[in-house]
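The two complexes that follow have chain A in common; it is paired with chain B in the first and with chain C in the second.
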Partner chain A sequence: MKHQIMFVAAAALAFAGTQSAAVSADREVHVAGFGAKSGVVRSFGVNTEAVMRAAAEKINNEGGIKLGDGTKGKVVVTFYDDRCKAEEGISVVRRIASGKAVVAIGPTCSNVAEPLFGVLQKRAGDASDTGLQFPIFTDTAIKGGLAKISEWAFRNVPNESQMYQSLFKWVKKENPGFKSVFGGVEEDFAHSRFTWYKVMETRAQEAGFKVLGRVKWLLNDTNFTTQVRQMKKAKADVIAISSHPFTLCGVLKEMKRQRVKYKQLIGLTSSSSLETLRGCSKQAKGIIIPTSFAPVTAAAKEAAAGAAKFNGSADLHSAAAWENMFILKGVIEKTGVMAKGDTVQADRRKIRDGLAALKSTGGLIGGIQRTKEGEAVKPYVYVHAQGKEWKILHDPRK
Partner chain B sequence: MDDFTWGMVQIVGVHTILGLSAYVILLTGQVSMAQAGFVAIGAYVAGMLTVLAEWHIIPAMVTGGLAASVLACIVGFPALRIRGLMLVVATIAFGEFVRLFWFNFDYRIAKGDIVVGPEGGEGFKQIRFFPENGWTTQDVAVFVWVVAAIILATLWWMDRSRAGKVLRAVGEDEMAAQSVGINLTVVKVAAFTAGGFIAGIAGAIYAHYTTHIEHLNFDILMATFAIAYPILGGLANVWGTLFAAFFIQVIVIEVLRDLGDVRNLMFGALIILVMNFLPHGLFSAKVVRKLKEWMGIGKMSDA
Partner chain C sequence: MEFVDYLQAVTDGVMQGAYYALIGIGFTLIFGVMNKINLAYAAAAFGGAYASLGIAALIGSGDDFGLPPLLMFLASAVAAGLFAWIVYTICFRFTPDHYELATLMATVGAFFLIEEIAVHATDGEPMDFPEVLQGIIEDPMIEFSDAFAIRGDLLTIFLLALIAMAVLLLLLYRTKLGLATRAVAQQRTAAQLCGISVDRTNASTFIIAGVLGGLAGAMIGAAVGVLSPLLFVPLTVKGLIVTVIGGLGSIPGAIVAGLLVGGLENVFLALRGITERDMYVMLLLFLFLAFRPQGLFGKKVLRD
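Then we have the complex of A and B:
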């Protein structure tokens, strides 16, 4: 009889186990990603998707996400291409918000983030505002101060103002003889333009540099002869270039051709990527860029390996998607997201509130502070191009 | 219908209006690549009126359209002296001029604790008339289509009136039209003005449903889309433009989203194929006549 009872109990437990496993297998936490997977900035979206999929795989291999009722749910990632177009970005997010996704990570471009955040409800819970009520946790669009547009928008992007303030001061301290800076700016791209005029130029002056001037070009330009000639004529000690890898390489090659002399090159955060090394590693040798990602910790190395497995690369921007996935895992577990068909909107609100309540989070190269406006203050290092890789030049935390 | 579908309804509506702005001008045989410039004028003017002056969307939209039509009228006069390829080049130059004007235009004022208004290359943000006034995505979609329906109906009626015949006569053969007493100056300038007004209306709505505009939104690609719709759909009537806007925005851009860059190739290939094999567009007069016969509506009188 005792054996029978034990058998029945074991069978019941096994049945309960299979039921629990079945429930777990049925419960899915849908996380959507979106960004540019077409056009000039295609690589950004490709990398973000690879990193998101790698992070999801790791989370699922470790048992998934613990949901509000104690069961475990699998993370399911879907990714959409917005072509770096505002209209398409809005359409993609409406599509995501009409489905099962409880949160979205993206977009790539600031010119998509800005209108998109405008479409979201400005103040969470404001019944008079019919904006979209859907949490977005941006990994890439880096133009300053965008998250304050909506309380449903959050970002995990580096604070460039702080990074360049620190970098210019450091360069001045290390090289007191450097007196002047000359700028180059990719004028028609929201991020690069903002970073030169609102960040680099002012931060260089604050650090004691004299800004001799600037030259401008456009994202689709392929000829930089005139601009580089002006750059050469300025004879500045430091040349600071606020442009993305595509035109940065064009400018650097032209600078080499015209034999422009300078003592230090400084680049835009977004250019600390593989694209720059693939396009012009020789010409970029020595360029210093502040970045919030470098494979210097075990976690960062794991993220980089994971991205490579999914045919992408972890860099300043895409690595943030890894952090976002794990931050979201923590928020989902803490706020008791249910991930059921009838709790989608409630789950979205829980995630928004959870993200808004965060004061600090973990990060790949160190702890990240969160601000009231939904922005991040991330740790960063200075890297410089050496051959086919970015090497750490200085860690301001040390 | 969910929010996404209503969003698509909005997009198709705005692009239909954009296509119709080029349709009117194409009827007179002129190819205008300036439509993106007119859209930009409507977008910025209407945006400034709702955000800075706190106007309602309807007067702001009409004013945006009127501002664009004034500029279009001015552009229409030099367009009388040139035609064909030179007109295309001149209108591209105008579009770029307008885009760069907004690129350098900075006019912001403090409104509460924030500063709002166009900020040159940074763009013009917080154009939030719709959400701030309780308009849902569905409300906006209905509004867009009421405006689109008014424009469609007006052009459809015009096509059947003497005005439409005059526009088409100029488009078919300027010399012949002039020889029967049609004033080419009035017709061409009127077509440009009407096209500019419609484009300005499209711009006003565009600015308010995207909530943020910047000069790059109004580039050569938008101008290409504007003329692609009536070219693909055909100039036999207004429905071709509506069909082409639906086909490009819903099928090519949204349904085939996962194809990435291939969509751009498809768009180009589609235009080449249509121009080669269906030079009068998908809805040519012949196709429309056959469709009508098949539907039992009777022979088309004016196609």
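Then we have the complex of A and C:
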């Protein structure tokens, strides 16, 4: 009888243990993604989602994320379309925050990020501030200095100012005979405009170039003849174009038609994508662009392959989503996130505090430094268009 | 800027105005026959251009387009004609005739549907489109001096557009189909009493306008060298401006207004810069609406 009782007790314990294991196996860490998946910037959202899903698959295949009670949870990614519109971005994040997600990665567009960060609680823990208490870890929206808007906002985007400072200096050093720069600006897009006026123009002058002038066009222009004629007349050594792939391709094709002569072409960070190569790979040949992603390391190659598996591509912007996923994994494990139904808000706070405490993280092409304002200082390389690929031209760290 | 620079700007602009004119003709032709605006017109036109790229991609491989540019123009025209017929069937054929807002809103829906299909098919990425003389003339720039040159490819597009317009006018004024179209436009009930099928005439008008639009879509792709969903809205707006300035329902008006808007747009750009260019084009539109609402060649509109 005693043996029978012992057996039943052991069986009960074993059953309870099985139940407990089953529960832990069902624990899910919900990570939301959001970005543009419709409209002309759809490729940004498609690529970010592909990279997030690839990263989640890798994390889950390797056993998932270790939670605060020692059990393992799997990552579940849900992706939302904000259509690159501020009001929809805010609405999407409010919806995400009302659910089980403990953190969100996004958005694509700076015009969404800026007002969205404005609806978050400005200072974490400020009881008088009823702003949204939800951590956002941006991968794409690149306009400078946005994370300082809220202590719940963090970004892992490259510092363009630093990248172009280094690039113009390098071009000058390699080609001391180059004296002048002429600019082309997509005037009605926040990123391209900001980058020309606040970054490229000043950084070129600091590097010793004389800026001869600039021409402007709009995002959906179909006619660049007048602007390119001015560009041709300027006879500058270096032509720097701050515009996105559609107009970049239109301008490059017009430059070829008008036989514009230059010694070096420099492009906007966002143009170092497959979009440019699909639109005008021949005309873009030789254009130099600084980028924080290139498949140069084993991890970067794995991210690129993972994105391709989920029908996307890893580039300057989307690759950051891979880094974000693994940074979040580390933060969740370190801060003891529980991923239970009744700990969602506490988990969000733990993740926020964990992200704020980071001084440095790993990255796909090298270590990333984190600033007090929630921004990143990322390594970068210079790439140039060669055929249907972006190839490494120079690594400033070497 | 010197005089020759303005001359250059006007020349470039007038040549580009040819595809504004084609888009404007499409709007005005449909308005002339049905007294309704088809806001999905330019979207269907670009749908045709995208379809031609798709066909070329199926036939070709790698960098090779698979079709010579002129055949791509033809494919675009045929596909856009088909899309235009679909738009007619969905948005006009079965919507209540007396409720004009229904067709207008239906075409707005069709516009966004076509645009979003193009976005999803390409992820919104710009697509390389061959220049009209690609494979025929390597360097089509005709230089008269250092300061003045004409793009040979744009000149070819301009001439093709003029031929298309001439063919349309011949079709309207020298064929039975044209006679039926004009009869429906002038007096629908009388045309019906004469045995003309209004539905068939309307459908034919949509297809003809669609074919012209498809040509315009391919021309724009070839002129820029790239196709993008970014083109849908601005070219729709330009087409409507051209239609109003030319006079609603007037084909000669749309031709003249297209060339005029193209030329003036470039002059405004040269004089006032990119940020003010569109402002002056809009001002021109308001001036017409206020002082000559019938446009250049439209029927006189009496005020209430």
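Here are a few things to note about the model shown:
The working rule: the second predicted complex is superposed on the first by the 378 of 398 C-alpha atoms of A that agree within 3 Å, B and C clash if a C-alpha of one lies under 4 Å from a C-alpha of the other, contacts with A are read in each partner's own complex, and residues count from 1 in each chain.
Operating definition for what follows: contacts are C-beta pairs under 8 Å (C-beta built on N, C-alpha and C of every residue); 3 or more make two chains touch, one makes a residue touch a chain.
A quick note: this is a predicted structure, and the numbers were derived from the prediction, not measured.
If you put the two complexes together on chain A, you find that chain B and chain C bump into each other.
Judged by the touch definition given at the top, the superposed model places A:Glu187 against both chain B and chain C.
By the touch criterion defined above, A:Arg94 lies against chain B but remains apart from chain C after alignment on the C-alpha atoms of chain A. Of the two partner chains, chain C is the only one touched by A:Thr222; chain B is not. Contacts of A:Gly363 after superposition: neither chain B nor chain C is touched.
Contacts of A:Arg42 after superposition: both chain B and chain C are touched.
Of the two partner chains, chain B is the only one touched by A:Lys122; chain C is not. Of the two partner chains placed by superposition, only chain B is touched by A:Ala86; chain C is not. Overlap of the chain B and chain C contact sets on chain A: residues 38-39, 42, 187. Taken in their complex, chain A has these residues touching chain C: 38-43, 46, 187, 216-223, 225-227, 229, 245-246, 249-250, 253-254, 257-259, 274-275, 278-282.
On the chain B side of its complex with chain A, the touching residues are 2-5, 7-8, 11, 103, 121-123, 125-128, 130-132, 134-137, 206, 209-217, 253-254, 257-258, 260-261, 263-264. Chain A meets chain B in the complex at residues 37-39, 42, 80-81, 86-88, 90-92, 94-95, 97-98, 111, 114-115, 118-119, 121-122, 128-132, 149, 187-188, 190, 193-194.
Per the touch definition, chain C reaches chain A in the complex via residues 5, 8-9, 12-13, 16, 63, 116, 119-120, 123-128, 131, 139-141, 149, 151, 153, 220, 223-226, 228-231, 233-235, 265-266, 269-270, 273-275.
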